[in-house]
Amino acid sequence: MSSIPQALDALPILGILFQLLGYVLANLSVMSQTTVAVAVPITLAALCGVMCERSGVVNIGIEGIMLTAAFVGWMVGVGASAALGVGTPLPFFGVTLPLLLGLAAAILVGMAVALLHAWLAISVKVDQIISGTIINIGAAGITGYLYTLIASQAPTSAGSFAQYKVPDQVADLPLVGWLINAVLSQGPIGLSTIVIVIFLQVMLFRSRWGLRTRAAGEHPRAAETVGIDVIWLRYRNVVMSGALAALGGAWLSMEQTNGFNANMSAGRGFIGLAAMIVGRWTPLGAFGAALLFASATGLGTSLAIKPPTGDLGQLMAHVPGEFWEALPYIITIVVLAGVIGRSIAPAADGRPYERESAT
Amino acid sequence: MTDDALDASAPALEMRGITKRYPGVVANDHIDLDVCRGEIHALLGENGAGKTTLMNVLYGLARPDEGRILLDGRQIQIAGPSDAIARGISMVHQHFMLIPVLSVAENVILGAETMSNAVFVDRHEADKRIASLAARFGFDLDPDAKVGSLSVGQQQRVEILKALYRDARILVLDEPTAVLTPGETQEIFALLRRLAADGRSIVFISHKLYEVLEVADRITVIRRGRVIGERKPAETTEEELAELMVGREVELTVDRGESHVGEPVLRVEGLRVADDRHHEVVPGATFEIRAGEILGVAGVAGNGQDELVQALIGLRRCLGGKVTLLGRDVTGLSPRGLNEAGVGYVPGDRHRFGLILAFPVYDNLILTSYYRPPFARGLMRNDSAILESAAAQIERYDIRTPSARVLTSTLSGGNQQKVVVAREFDREVKLLILDQPTRGLDVGSIEFIHRQIIAKRDAGTAVLLVSAELDEVMEMSDRIVVMYRGRMVAELDGRTADKGDVGLLMATGGQAAATQKEAWA
Amino acid sequence: MGVSGPDTIQRPPARARKAIVGAIRAAAQPIAEPVVAILLALLVGAVGITLCSGLLAGHKNFDVGLPAAAYLALLGGVASPDGIASTLNYSTPLILAGLGVGLGFKAGLFNIGGRGQFLFGTVGAMAVATAVGVSQSSYITVPLALLAGAAFGAAAGFIPGLLKATSGAHEVVTTIMLNYVFVFVTYWAISGPLSLPNAHQPITADVTNRNAALPIILGQDGHAGILLALVAVPIIWFLLYRTTLGFEIRSAGANPDAARYGGMRTNRLIVLTMSIAGLMSGLAGATVLMGVVHQIEPGYDTTVGFDAITVALLGRSNPVGILFSGLLLGAMRAGSQTMQVQAGVPAELVDALQAIILVFLVVNALRHWLDRRAARRGSTPAVDGGAAQAAEAVA
C-alpha cells in the first residue's frame, strides 16, 4: 500500500495531487473513522433541518436544540447517577440506567424546544429566522447559566456510551475492511444515525407521511384542498425533528465525550443546515454532504497531526489549518450562489400558512 | 322533513335558497340550482357575479348564511373539503391546486393515497388505477411525469383525474377553458360528455357563451348574486345569454361630455408580452390613443390585459414590438423613465404596486417624485415641501384623512386609491394608464375618480382605461376596444356602442359560431 | 355666537386634558411593548433564579430575595462613575452594530453576520495599527485604524449583499456561513501575520504601544468610542428619515414591488445596505479592540453579533430605540460580572434574559398587530415571513 504513493511521487506535474491521494490512502483508516464520527452530529442536525424545511418551516434554531439537549442529557445523567448510582454498564455500548435516562431526557427536552419554535413560527407567525435566533440565544444563555451553577459543585457525570468494537478479522478485510471499520466503530447514537438516514430517505419518498409532508412544504393550499391538515402536520414534524437534533446534542455530551462545556455545539447546527442545503434537502444527500464536510475537517486535523512529507508537505505548510475548518462553510456559500434563479428549497419554505376560513 | 331513503328520482344535487354575505356585499342572494344525474349544467355570469362563491359553498370552503344543500334528495351539511370529497363532490379549481415538483400520480393520490400497508404508498396500484381511468375516459398521461413539465391542458386533466380517482359523482369545474387552447377545449368537452354519459353530474362555471352553448345541457345565468334565468341551449342564443349576463341598463354616474381629440400620443405596434410562465399572452397588440381621448379596454380578466399594462409601464419586459410616446420611442423604458416622460399609472393591484401601506400618506404621494426638486435636493429630502404639497393634494383630491402623516393603511380603500390618483394625476401627464381604477371602491369614490379622469381628458391627456367592469368602460370611454386572448378584436365608438354587443364580444372574441367551431376543429 | 355658560367653561379644560392624554399615549405606545417585554422577562427570570437557587446551586432553600439582589447588582453598575464607564464601554459596540442590524431590517434584510463583520473589522484595525502605529502619532493612527475597521467590516457585509443581489442567495445563510469563515480568518490572522515576532505564544501587538488606543474620557476605563456611537445614532437616523437614500432603503424593505414602480433600484440598495451594516459592525469591532482589549490572541471572539440583533429588535429598528436598548443591554453586560461575584448568579443570566425578552416582545407584537388587523377587517393577511414584516410588526 505504501509503495504506490512513492511511485506516484515521481510523476512531475500531477505529483502534488497524487501525493495528496497517497497521503489520504495511507491514513485512510484513521481518517475515515474520525470522518464518520464527526459527521454524526452534523447529519442529525441536517436531518432535523430536512424534516422541518420539507414541511415548510425554516428552523435555524437547530444549534440551540442541540446545545440544550447536550446539556440536559449530561445534567440528567449526573442527577440520575447521583440518585441511583452509576450501575454496571451492559456489555453492548456501555449502557447504564443513568445514561438511558439522560438520553431520554435530552430527546424530550429537544422536542419541547422544537415545540416552542413550532408555536412561534406556525401559530404566532413570527418571522421564522427570529424565532430560531431566539432559541439559539436562549439555549446558550440558559445552558451556560445552569452549567455554571451545577459545575460549581464538582458533579460526576454519568459516563458515556461506548463504541462498538469491530472484530479484527472484519477490520482487516482487504479493500472494504477500512470502510466497514469506519462505519461500524460508532456508539449507539452513531450507528442509529445511519439507520435513521436510510429510514427517513425511504419514508420521505415512499410513504404517505412523506408525500403529505412534501406537499405541505411545496403548496400548502393545494394540500388543504385535498383535506390535509397542514398546520397539524407542520407541528408534528417540527416536534419530531427536535428529537433528531436532540440526538445530535446527546451524542456530543454522552457519546463523543462524557461531559459538557459551554457552547459545546460549536456551530454544528449551522453546518448541519449547510449540509442540508448542499444535500438538496434529502436525507441521503445531507448525509453525503455531512461526510464531505467532516472529511474536510478530518483532513485538516490529520495534516496537522501527521504532516505529509515532500512537496505536498511544503504546500500544506502554507495552507493554514483554519482553511480546512472554513471549507464546509465556503462550499455552502458557493453552492447557494451557484444556484442562480433556481430555487431548490421547498417552495413554501419559511412562509406561515393562513388557513382559509370556513365562514 | 328530510327523506332518509335515497330518492332515485331526485336530482343528484340541489342547492336551495343559498345566501352568502361578505362585508359590504351579498355574494349569493337566495340562489336555487339543481343538477341531474348525467347532466352538464353550466353556471354563466360575469366576474364577480357570485359563481365561485356558490361553488365554494358546495365544496365546503365557505359556509352559507341561509339555504340548504341536498344530495340525491337528502339534505346534508358540508363541513369542509374532505367532507365534500367524501360525499363525492370534487372541484377543479380555476387556479390549479397542483404541486409542480411532484409527479402526476403523487398529485392525484395526495390525500386519498392508495396504500400497500399502513405506511407505504402503493405506487404500482396507483399507477394502474390512474392508467385505467385515463384510458377509460380517453386521455393519456404518464403517471410518473412531473406535473411542472406538463402543458396547461394536461395539468387540467390531472386535476380532473384527481376527482375521478376519488370517484366523484359531482364534478365542479371553475372556468376550465380559461387557460386552454381551442383544441384542448374540444378535448375537455369530449371528456366531459363521456363523464356525463357515465352517470356523473358536472357543474361548469364559465363566462364564455359559445362554449356553454356547445357543451351544456342546461344553463343557469347569475348576475350580481341572483339567478336571472335558466335556459336550454336549443332554446336560446348568444345574444340573449349576453343580455341576461350583463343586463340592459348601463349605470351612468357621470356624463363624460364631448371629447376634443388631438394628435396621437401613444402608439403601440406589434407589442408582444409573455406572462410569468413564459407563455406569450399578448401576441402582438397594435393601437393608438390620441390626446384628449379615453380608450377603454373591455375584456374578461385574464385575457392579457395585466401583462399589456405592465409592459406599457415598464414593470414587465416585452418580447417585441414598439411603443412610441409623442413620436419618441419609449420601448423598454424603466418605470422611472416613463414617469419622467410623462406617463402616469394607476395599478390594478394597488396594494402591491401602487402604495406602500406601511408608510404615511405624504410618502406615498411622492413615491415617484421623491428624488426631484422641490421634494429633494441631491440626497436631502425637503420635508416642508413634501408636507406642503401633500396638504394641497389632500385638499384638491378630497382625500379623507386626519392628516398627511397617518399611515396609508388606515385609510379606506377609496381614499387609498385617491392617494394614488392624486400622485399620478396632479401633474402634467401626457398619458394616463388606468388599470381597474375603481375596483372595490364605494360609490362616492368611484364618482370622484371618474370626474378626475374626465377632467384630465378634457385637459388634453390621453387615457388608457382597462377595466373588467363593463359599466365603467361603457360610461367612460370615447372609444372602446375589446381584448380577447391578448388581441384587440374589435373597436367601437363609445357614443354608439351597445352594452350587449360589447358583452358578446368580451365573451366570444367576435367570432361567429361557425368560424369559432372551424378554428377548433 | 350663542354661548351657553357652563358648557363653554368646561369644554376647553376637558379638551386640553384629552389632548395631553392623547399625546402621552402616542409617545408611550412605541415604547410600551419593549418595556412590557422587559418587565415580564425580569419576572420570569426572577422565578427562574429562585427555583434554581433551591434546586441546584447548593442553597438548600428557595431564596426569594436572590433575584432582587441579582438585579440590583446587575443594574447597579450605573451608580458609580466607573460603573457608568463600564456600561458605556459595553454599550458602544452594541449600539454601533445594532444600528447596522436595524438598518438591514428596515431594508428587509436579515444580517446575522455581525460576528464575522465585527471580527474582520478588528483584523483591519489591528493591521493598520501594526503597520502604521509605529511611525505615526495617534492623531493619524487612531482615525486610520477606525477607518480600516469600518472598511473591512463593509467588505464583510458587501459579500453577502452582492450574492443576494446577483444570485438571490438568502442573506441569512450566507451571513451565518461567513461568520465561521471570518472566525477562522481572524484566527489565522492573529496567529500569523498579525502576531508579534518574538512572542512565545501567538499574540498581536498592543495597540497602546502602537498609538492606536482610544483615549479614556470617563473614569478609569471609559473610552472615547461611546462618542462614536452617540454620533452614529443621529447620523443613521438622518440617513433613514431625511435622505432620499434612506427613503429608498425603507421602501425596498416595506414593499419592493412598489419601490420598483417608484423607480428604485432594489439590487443596488441591497448591496449598499449590507455594506453599511457590515461597516457598523466592523467599526464596533475596532472600538472594542482599541478601547478595551487592546491586544488579542487567537480564539478571540465576540457575542456582539447576536446581541446586536436583540438590540435592534428591542429598539424596533429605530436609531433612538437602538440607543436605549443598546445602553440597557450594555448595562446588563457590564453588571453581569458584578452580579456573578456578589450574588452568585452566573453571568449567563443576561443571555437567558435576552432570549426571554425577545419571546415576550415578538409574541406581544404579533397580538397587537392582530388586534389592529381585526379592527380593520377586509385587509389582506400577511403571508410573507420576511424580515421587514417582522421588523415592522415589532416596530
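For reference, chains read A, B and C in written order, and residue numbers begin at 1 within each chain.
Methods note: contacts are C-beta pairs under 8 Å (C-beta built on N, C-alpha and C of every residue); 3 or more make two chains touch, one makes a residue touch a chain.
Note that this is a predicted model, so its numbers are computed, not measured.
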Query: Between what two chains do the most C-beta pairs come into contact?
result: A-C
Message: Measuring between Cα centroids, which chain is at the maximum distance from subunit A?
response: B
Query: Could you state the distance in Å from the CA-based centre of subunit A to that of subunit C?
result: 31
Task: Mind checking the centre-to-centre distance between subunit B and subunit C? Centres are C-alpha means, answer in whole Å.
output: 47
Statement: For subunit A, residue numbers touching 2 or more other chains are none
Statement: Touching subunit B in the complex, subunit A uses residues 203, 206-209, 211-212, 214-215, 218-219, 221-228, 347, 356, 358-359
- request: Would you mind writing out the residues of subunit C in touch with subunit B in their complex?
  value: 242-245, 247, 250-251, 254-255, 257-263, 376-380, 392
Query: Contact residues on subunit B for subunit C in the complex?
result: 23-24, 313, 315, 334-336, 339, 345, 347, 351-359, 363, 367-368, 370-371, 376, 379-381, 383, 409-410
- line: Residue positions on subunit B within touch of subunit A in the complex are 60-63, 80-82, 85, 91, 93, 97-102, 106, 109-113, 115, 119-121, 123, 162
Query: Can you name the residues of subunit C that touch subunit A in the complex?
result: 52, 56-58, 110, 112, 163, 166-170, 172-174, 176-178, 180-181, 184-185, 187-188, 192, 306, 309-310, 313, 340, 346-356, 358-359, 362-363, 366, 381-387, 389-390
